[in-house]
Amino acid sequence: MEEKLLMKDQIAKLYDELAKDYSFFAPIKEKGNIVFKKASNPEEIELDYFNSKVPPKEVLFPKMEVLFEYSLDEKDVEIKERTDLDEKRLIFGIRPCDAHSFVLLENFFDFGEFKDEIFLKKRENTTLIGMGCNSPKSTCFCTSLEGHPFQRDDLDVMLVDLGDKYLVESVTEKGKELVQKLSWLTEATKADVEKAQDLSIQAEESFQTHLDFSNVAKTLDPNFDHPIWEEISEICIGCGTCSFLCPTCTCFDVIDETDEYNNRGRRIRIWDTCQSCQYTLHTSGHNPRNSCIERCRNRILHKFSYYPTNYNLIGCVGCGRCVQLCPVNNDLRTIIEKINKIEDKKEEKISA
Amino acid sequence: MNETVVKAEQEKKVDEEWEPKIIAFLCNWCSYAGADLAGVSRIQYPPSIRVVRVPCSGRVNPYFIIRSLTDGWDGVLVSGCHPGDCHYISGNLVARRRFSILNELLEFFGIESDRVNFMWASAAEGERFAVLIRKVTEKVRKLGPNTQFQKKW
Amino acid sequence: MPNIYIPLLTRVKSVVKENKANDIKTIELEFQKEEDYKNFNYIPGQFAEISIIGKGECPIGIASSPTEEGTIKFTIKRMGTVTSVFHSREEGDVVGVRGPCGNGWPIEEMKGKNIVVIGGGFAFSTLRSLVLYLLDEKYRKDYGDITVIYGNRDPGEVLYQDVLEEWKKRDDIKVVLTIDREAEGWTEKVGFVAPIVKEVAPSADNAVAVVCGPPIMIKTTIAVLEELNFKDDQILNSLEMRMKCGVGKCGRCNIGNKYVCVDGPVFSLAELKKMPSEY
Amino acid sequence: MGIETDNQEIEKSMREVARNLLKEKEVDVIIGYSKGTFPLSTSPIMIKKEEEVDKLIWNNLCYVNLAKYLVPKIPQLLDPEGGDLKIGIVSKGCVGRALVHLAVEKQLNLENIKMIGIPCNGVVNRRRIEKDIGEKEVFEISASGNDLIVKGKDFEQKFPFDEYINELCKVCKVKSPPSVSEACIGECQEVPSIEDDFGDLSDYESKTTEEKWQEITDTLSVCTRCYACREACPMCYCNLCFVDQNKPIWFGKTTDMSDIVIFHLVRAMHMAGRCVACGACSSVCPMGIDLNKITRKLEKIVKERYDFTSGIDTEKLPPMMDFELEEAEEFMLEED
């Protein structure tokens, strides 16, 4: 049988074996928040969790990343490229929605003539061991976006929590190789597989949020100047939490940092957000997105209109982070519902 | 004695020669002239300070002080005219309020507030200037090199 | 796959002060490595991310034409942090260049057509590149009549006076210069660009108008061009946007689903009308 | 006390006041709180029509400081000419303080504002509750006696209300807005000079410098530099924040420890004598960082040094706008 079993008390063994070859990233509790961090010992790993607060994009697209370093002297500059991109990484316990976000990120960084080697190379050297969501949160809506709490397509290896053990299923070649290396895994029985299937159905049925995305892109396109944007942005305070902690947001700022006393420096990128008013501010003082209205609109359109147009994918994975963490509870689900209502009105007009 | 103190003691012995580097923002009208007077009068004081002349102690933005620390200066000194003597009437009084709050906050954030020092010195107080520079240098020397707050690369 | 964020290193070959106010300079750069220059294949209208290593980067339109061999030129107005540092650069200083970025003027599609080049102020840099390219003996025969209308606030602000003089001497190009208000010693036209365009009245038949300048000039000029029967797809524009990466990754320069840095900066009016007015 | 039950009276009178204000055209818009989309949340709301007044709610989860909306004028709060609309604003104590202080800083005109005063008995510290229940989802929160009852799938947990409100609320002395002008209607109070011993800080302040650094860096280490604290703060209304300045770049924007500490240190610096201790910064932090200690320290500094409490007096100048010739200067270097 393809499927294997991993006992819960064998996590340490798994860690010990894989941490030799990989940088082992796993959900770890830090100050009450789950985050994906390089685990230094197997005890840190926290697998009984909903989802991490900071999305695992952080592993490949960190909050701060060096683009290149340089040394400076009077008349010369020497540029040092990054050499650490070949590090083999393993993200253990990633949720299917976040794994799907990697597909979006890959699409984005690979798009067009210019390819972001820093991200893509890291992605190439990363293996994803995902974990099915037995109990999705009430704010989750991945099923509305063709996702599924047990979606395996975007993972290399899929784990399903069966209570005292995990069902291990390799999805890609990369995953198969990795599982083969773990020769001590026991065979799964048919009952185990069936239980996993039951859990999958249970999880799917437990979803409370169902949104209709089928017409969102089509509705958004002609409604750029619709008054609904004023309504949506009314209470937004422009903090950018939604985009900082969004698994699919990729915007960054580029900054030069110089250590003048040691004649060296680095050009770095840090996360940025389209919700900040400095984001699009021209040097001349002109700002194309001068108020919350335009900025909120840009975020929604980017995810639900520009993404579909450019990559044929919706730029949202339904993880619900922005819903939970928005300080003013400007709920994305409500926004989508409002957008869907725009069309209803139009249809009424036509029929009337 | 706890471990860190012991370690600091050891380091000090190894680096007996270590001379702190202190950045000094001196107001143009009093303290800078005071420093000048100390020099002209040949009063000895440690060569630890590097002077930045500013128009008034009120010109010293707390950014200057904090940035100096992150850039790795071991100490910061701001000196202006005595209260009431400000060339711009109240610049030093405004500065004093700022410094009082900065001083308390630095301590509160666990940044060795002895690294950041404020003083008044008039143009006639060459002697006082030298004495206080000695005092600042000793204070900072006791703390050792500034590594805690310096930006890590 | 090269790291797209690493600039190629060049050195400043010459610096020319362009205006009386001395806030515009043209900097000529020479690549440190010969092969870098060979790989730097650009067309007029493209831009490059030029950087002072240690200070930052900014997107600047390439002012030189690919026909001017050996070096590339940028005309830089002193505005922000990076451009201010550029103004203090001297011969031999190191400058980083990343690019070429953007689409540039559609020189292939413009073949066989009459070209009307309308520029205002400092935005003339990529137009200089374009006109020089069109006038090159290799390419001149591919294009029809060339009309250049170039407006400025006052005589001291007119850029590229040397090339303008040369163009005026030629008979295969019509050059119209104008300034906003009369000034001593000025013998050319006086008036805003839009009315001058109306006066010159270039024919819209088989023509392409290339418009570049401050927003208000673009707005008024487009109105005039429309009066002259120019269609939306006959009017080309080059947009400005805040940029960081220049390669479509940092996200900020989008107008709708288009990124100005890779899909632009050149858009026809027809394209612009389809895009949301968020620029 | 509590989430729903005892608030009904307050809610009822608040809605009545709001309805009248709108009916009499005394205000054009009411800013208040409405129900959130999941437990432990509430959402600000702007109400322009009388019939929508019933959407207003009041409970112990109303943590956003509504005064924020009055500073960066959002288009909806402006009339067609760009002037100010008359605004009614549901004000608990700290919202009132923020409005008063903003008036002192000439950021708004109290004549255009009606504060609908509400006695607040503390905002539930939702981040702490979330932390304490761990990886579980809350379905319902209610109050019973002095306890908060949090229910979820397969669990029910009690939290003593007095303990699980924000640290700042525990020591809050201005529970309903100060009645400084005619702006205040509803429940308001005369706020005389405030006495506070800042006993809650003594534990921390008795630590050594090194321990303090440890604790501060430990607390701040999860900061992602999203600046939600800044954006939620009613006093952070600068057009260009010091971290965003790039001419020159004073401080780094990275998540290096020193950069993070600087951001919070300098922000604190700018808040001295201005912070109204609403705790919005901590409530909105997505990473759950507790900045309340810093807030308290700021209050303490200005109270002890300059006998000033922000947002209770429209006449008195804030300490950073003022100076005196004779003043304590024990921190200045003196000859021995």
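All chains are identified by letter, namely A, B, C and D, in their written order; residue positions are counted from 1 within each chain.
Following the convention adopted for this analysis, contacts are C-beta pairs under 8 Å (C-beta built on N, C-alpha and C of every residue); 3 or more make two chains touch, one makes a residue touch a chain.
Everything quoted here is computed from the prediction, not taken from an experiment.
*Asks:* Please state whether A-B or A-C has more C-beta contact pairs across its interface.
*Replies:* The comparison resolves to A-C.
*Asks:* CA centre of chain A versus CA centre of chain B: separation in Å?
*Replies:* Centres of chain A and chain B (C-alpha means) sit 47 Å apart.
*Asks:* How big is the gap, in whole Å, between where the Cα atoms of chain A centre and where those of chain C centre?
*Replies:* The mean C-alpha positions of chain A and chain C differ by 39 Å.
*Asks:* From the mean C-alpha coordinate of chain C to that of chain D, what's the distance rounded to whole Å?
*Replies:* The mean C-alpha positions of chain C and chain D differ by 50 Å.
*Asks:* If you average the Cα atoms of chain A and of chain D to get two centres, how far apart are those centres in Å?
*Replies:* Roughly 31 Å, centre to centre.
*Asks:* Tell me, which residues of chain B touch at least two other chains?
*Replies:* Residues 151 of chain B touch two or more partner chains.
*Asks:* Residue numbers in chain C touching 2 or more other chains?
*Replies:* Counting only residues that touch two or more other chains, chain C contributes 56, 80.
*Asks:* Among the residues of chain D, which ones contact at least 2 other chains?
*Replies:* In chain D, residues 249, 252, 256 touch at least two other chains, as defined above.
*Asks:* Can you name every pair of chains that touch?
*Replies:* Between chains, contact exists in these pairs: A-B, A-C, A-D, B-D, C-D.
*Asks:* Per the contact definition, I'd like the list of chain D residues that touch chain C in the complex.
*Replies:* Result: residues 246-249 of chain D touch chain C.
*Asks:* So in the complex, the part of chain A that touches chain D is made up of which residues?
*Replies:* Within the complex, chain A touches chain D at residues 30-35, 46, 48-50, 53-54, 63-64, 135, 137-139, 230, 233-235, 237-241, 244-245, 253, 255, 257, 268, 270-271, 273, 276, 278, 291-293, 323-325, 327-331, 333-334.
*Asks:* Which residues, counting only chain B, touch chain D once they are in their complex?
*Replies:* It comes out as residues 4, 62-63, 66-67, 70, 83-84, 90, 93-94, 96-113, 117-120, 128, 131-132, 135-136, 148-152.
*Asks:* Spell out the part of chain C that touches chain A in their complex, as residue ranges.
*Replies:* 1-7, 9, 51, 53-57, 79-80, 83, 92-94, 96, 215, 240-242, 244-245, 247-257, 262, 276, 278-279
*Asks:* For the complex, which residues does chain D have touching chain A?
*Replies:* Per the touch definition, chain D meets chain A at residues 36-38, 41-46, 64, 68-69, 72, 74-76, 127, 130-131, 135, 137, 139, 153, 219, 221-222, 224-228, 230-232, 240, 244, 249, 252-256, 283-284, 286-289.
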